[in-house]
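Shared chain: chain A. Partners: chain B in the first complex, chain C in the second.
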Partner chain A sequence: MEYFRRTNSFFAAAFVLLLAVGLMAPNWFSYLTTISLAKALVVIGLVILLRAGLVSFGQGLYYCLGGYSVGIAGHYLQWTDGFLVLLIAMVVSGIVAAILGLLLCRYREIFFAMLTMAFSMILYGILVKSVGLGSTDGFNIHSVSFFGWEPGTDKLGLIVYFLACLAALIVAVLMHRYFHSPVGFAGEAIRENEIRVEYLGVSPNRIIFSKYILAAVLAGAGGGLTALASGHVDPEMAYWTTSGEFVFVALLSGTAHVAAVFIAAFLFEIIRTYAFDLAPYNWQMILGATLLLIIFFLPKGLWSIFTIRRAGGGVK
Partner chain B sequence: MVKSNSFGRRVQFLAIFFSFVFLAVGSGPNSAQAADDSKFTVGVVTFLSGGAAGPFGVPSKNAADLVIETLNEGKMPAPYDSKGIAGMTIEAEVVDEAGGGTKQVGEYRNLVQRKNVDAVIGYISSGDCLAIAPVAEEMQALTIFFDCGTPRIFEENSYKYVFRTGLTATIDSVAAARYILDQKPDLKTVAGINQNYAWGHDSWNDFEASIKVLKPDVEVVTEQFPKIYAGQYGAEISALMLKDPEVIHSSFWGGDMEGLVLQGSARGLFEGRTGILTTGETAMFRLASEMPEGTVLGARGPFGVYAPSNDLNDWLRTEYTKRYDTPPTYPAYKMTQAILGLKSAVEKAAKGKEGKPSTEEIIAAFENLEFEAPSGTVRMSLGKGHQAIQEMVYGQFTNEGGKPGVKNVKRYPAECVNPPDGITSVEWIQKGLKQTECK
Partner chain C sequence: MSVILKTKNLSKSFGAVTAAANINVEIHEREIVGVIGANGAGKTTFINMVTGYLKPSAGEIDFRNRNILGLSPRHITKIGISRSFQVPQLFSELTALENIVIAHRLMKANRLEVQAPLKTQSAVDAARGSLAEFGIADYAEAQVTALPQGTRKLLDIAMAMAGSPDLLLLDEPTSGVAMEEKFPLMDTVMEAVKRSRAACLFVEHDMEIVARYTDRVLAFYDGHIIADAPTEEALSNKEVREYVIGTELHREKEGKEERTYVESP
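So, the complex of A and B:
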């Protein structure tokens, strides 16, 4: 309990700090932070699966579904309330995951990874063929309101930033609890030895099913937030390279702590934007080198900086 | 699971982390430089990596380097022989267009706020253009699209801060339809092979609709949509040969187009059938010996071999070829056109004034502007004065005497291939391409 309280107060402090930064920082910085918070939500979902030993190369499916749900709700149905469309994004992602999960929860390892990727590429293919939705060009999201109040385009960025901070706070607190709950640890048990888990009277498939849906809902929220922030959606969101980016951030963060994901997502965006700036021709090299360094020196991700320094006493 | 003693370390780590972040935010060329009147900074965004880099990104980036350097030296032919832009030195901030819409919106914000550029010239992908336009409006930053083709930008919205000096994709298809019917008045069958993405769909739909309007009895025998960057078109070529159309329309570009030409020629696809390659001009020198005689080649405007004879064009062809060992293709022309359009607008706004003109003044000067480019006169007359129109040219490839060139060149005046302002391209085509005069 003491542990949760301390972590929660730490999350709350980070939240307040982020709000303050949002009010002071320039627009490009708050946009970058919004995007990294949104992507962190997706990656937390991925980390939930990683803790159960599963790598999804298809979180782009739900990221894209979330984005398109927000876009279609606003553009074609005229539902513009920010909270409502985010909720729709999460529900749509959850429903699709509940259907696909029935099949996916039976697969492990490379088969799971390939199947998830296949499903996201199917969505990509459908969207490319949908001329009404702008095919590969996608479409813009014009107006967003909050409980009937419509912020102008100059304020919208900041409002979406606050919304992303709030979403991040809620997800961080809940997921931190989840990681330390019995069902949270069940994932690690499944990764270690699935047969033993079954002997304990728990169904691994059912646990993976629930984790898959949870991950999808988080990815849907992340995609929805990204769509609100950038004002545009296109099928690229479901392309496998987008999913690969999430896996990259998950490797950067490791699975040890929720906070690590936010830090990793932010670092990823910062590294990438400065790589674009410093080496317009070779920015991919900088990203690749970062990933290599992480794999060599921090194979368990960023959070192991703390655990290594603490580990003097042999704590693993 | 260590649950103690970590709080202090975390705070320590976070303190270090955030001080790093603030350092990153605070450093770099920042607002202090905003008021520098001796420089005019331009963000140049074009593909430097990925499949579009070779055929489009690199030629346009090369042209930007060449033109900006020459302008700064004041060595361009008239009317651009004054130094820089209104006496200010031009500085370019080059950014890779890779990464998709969300990423590019972020990079755009960086350019405008972190780099404090005075204008942004860029964007090849129509998706990126659609994503950037509202952000340009929000940030009130002058933005010039140089290449992206979708007519949706100014047809679905009207923008104050966004200009496009390049032509829309509709023109390619409408003019291609007019050209092929001028060459083959008794055309019976056509077929299409286009990439399965927005550009391919739009190009084919516009072409098909234009043909149907101009000659309703033409039959479409097959339409193929292989995926972009597929590289192998064996099955599609078989399907096309089986249906045996008189004319094959393709908006393939870059490696895909070259692949289609090589594989199609090897199998005799273009024997007795005429290919229309709307971007074919980019390959006519490299594939001179493989390109079938009589293939209809487009250059997305009066660019490349279709550029009129003038001093600017002579300068661009000579200097570009000298520096990069290859003649400039249409992306190079389009980039040159965007930079010259910007120069014209800024200098018009700066005339008779002290110091750097404001963005609002530049916009007022840019709207409905007429300026000269290597491709002839460009008029900003669509989209409330924000979208360029120009004549459109098609011709047929010929390699007689081993010298690649074009024959039967036909020039269509701008009004003949562009919709009038205020009506969308699709409506214009469906209503019979009638609202405009055509010789």
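So, the complex of A and C:
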């Protein structure tokens, strides 16, 4: 549709560029990019909630569920098809979110944030106690196939990278449309004034319920991709610091545009990698300082760089 | 004309405070009714009960011969009763145009779309039309926080009318609006109401406005209705003069008109 044409061409160009980069870049770089694309999917879910005025400190729950779904499907059920296991990761996350969402959609602000965190910590606790799933060590995922073809370990990284690019493209296109749709705006309306939304004949809780499920499905996909890329899952994926990382990236990106999330997730991985090299003992300080700078200079996130410039140029 | 809203012995108490006691009211199709009463008389409480925001302690509410007691505000909105607010309830970080587009789309949809754009050309055109109808088209692109009070009041009413309701309840449409703007504002609102063919009940402290725009007046005093009569008759009623109009004059003198506290709708 005309309305989305410019953004869609931009996404398509970025996709082609990413594919080309993947063919040329060293392994460590495409691995880092795969992980940042996967995490960006999680953060887009978080941004959907943020736009409705809700902060989840527990997206790690679905990130981890997605990862473990992929792991368990491959390791214990011998279902190894990459597309199939990703689908399972999303369905499992969606189902769990539909159950927890019944309770969570009635809470707001700090209560919502704390409850989401509590649920993710419960999963963490369960996994740590599950000897069959490797307790704190988690377990490895040995084989991944695509329509019956099993790429060797030398090729797998690149294939998963392509898969992540494809997932990112699909999510970017669909979620950009979502942000501009009536339900997307209903989120902002809920953030601004729930009483009015109710008096417009719409249930805020139901909208939030649907957004919570959508965010979980995205987080599940992100977790599943991460598991495929790293070949490993462990309970750390559900730990609150993992969820905190997602919130960090969301603050970095802001809620203005889907594309900003991908940029922010990539920057985050880069900053973290270099910070770790530079200061192995206090790399968190570098991350903290980055966050402070963002909050002071770009309170609406990275995307405001583009919108500020556009406003300055006098173009609408 | 036929009755669309009927309340029977509607009552509401908050602890020891009686905000409504045995309210029996009938509103007819396309009727314009004024509601008067001093601060705390129970006018907003009445609107809150009819629209399902507050649950009455006792009594019944029928809309088009259907019992609507216990329905939520969103159900009641869907079946054709809309309201505006004493303190405008808007989406303050969005523009006036976006507020109206959202109102139109949310009110009219049975299922909200997740992939089609909100701001289609036709939706935007319709919203601009509605802003123009209320005389605030110039503010279309302004963020709500930058709007003058009178414009906010109009926007609030325009949003209430987005779903073409059969019954419109306006809670103090002119409160917080400068004296000289009140009549132009009411002219605009009443023209829109007449065009929409909705019945309209509005709460008002200014008796000149009540006299100018209403066919009939309900006077509230301490949770009770002390008069329900054609406007002229009601305004000359002895009890009304003593308990309502007297206190209103007093209120104007003390400048209580410009209260700006925020309360629940």
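Here is the rule we use: the second predicted complex is superposed on the first by the 308 of 316 C-alpha atoms of A that agree within 3 Å, B and C clash if a C-alpha of one lies under 4 Å from a C-alpha of the other, contacts with A are read in each partner's own complex, and residues count from 1 in each chain.
In this section, a residue touches a chain if its C-beta (ideal position, glycine included) is under 8 Å from a C-beta of that chain, and two chains touch if they have at least 3 such contacts.
As the structure is a prediction and not an experimental result, all values here were calculated from the model.
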Partner chain(s) touched by A:K155 [first = chain B, second = chain C, both, neither]: neither
Touching partner for A:Y281 - first (chain B), second (chain C), both, neither: first
Which superposed partner A:A189 touches (first chain B, second chain C, both, neither): second
Between chain B and chain C, more extensive residue contact with chain A: B
Touched partner set for A:Y3, first chain B, second chain C, both or neither: both
Chain B versus chain C as contact partner of A:D234, first or second or both or neither: first
Chain B versus chain C as contact partner of A:R177, first or second or both or neither: second
Chain B versus chain C as contact partner of A:E198, first or second or both or neither: second
Chain A positions touched by chain B in one structure and by chain C in the second: 3
Touching residues on chain A, where the partner in the complex is chain B: 2-3, 6, 10, 14, 17, 25-29, 31-32, 35, 128-129, 131, 134-140, 142, 153-154, 156-157, 226, 229-234, 236-237, 242, 259, 263, 266, 269-270, 272-274, 276-277, 280-281, 283-284, 305-307, 309-310, 315
Touch list for chain A against partner chain C, complex: 1, 3-4, 174, 177-178, 180-186, 188-189, 192-193, 195-203, 207
Chain A-facing residues of chain B, complex: 2-3, 5-7, 9-11, 13-14, 17-18, 21, 24-25, 48-49, 94-96, 100-103, 105-107, 109-110, 112-114, 125-127, 130-131, 133-135, 137-139, 150, 152, 196-199, 201, 205
Complex contacts: residues of chain C adjacent to chain A: 51, 72-75, 77-78, 82-83, 89-94, 98, 101-103, 105-107, 109, 112-120, 159-160, 162-163, 265
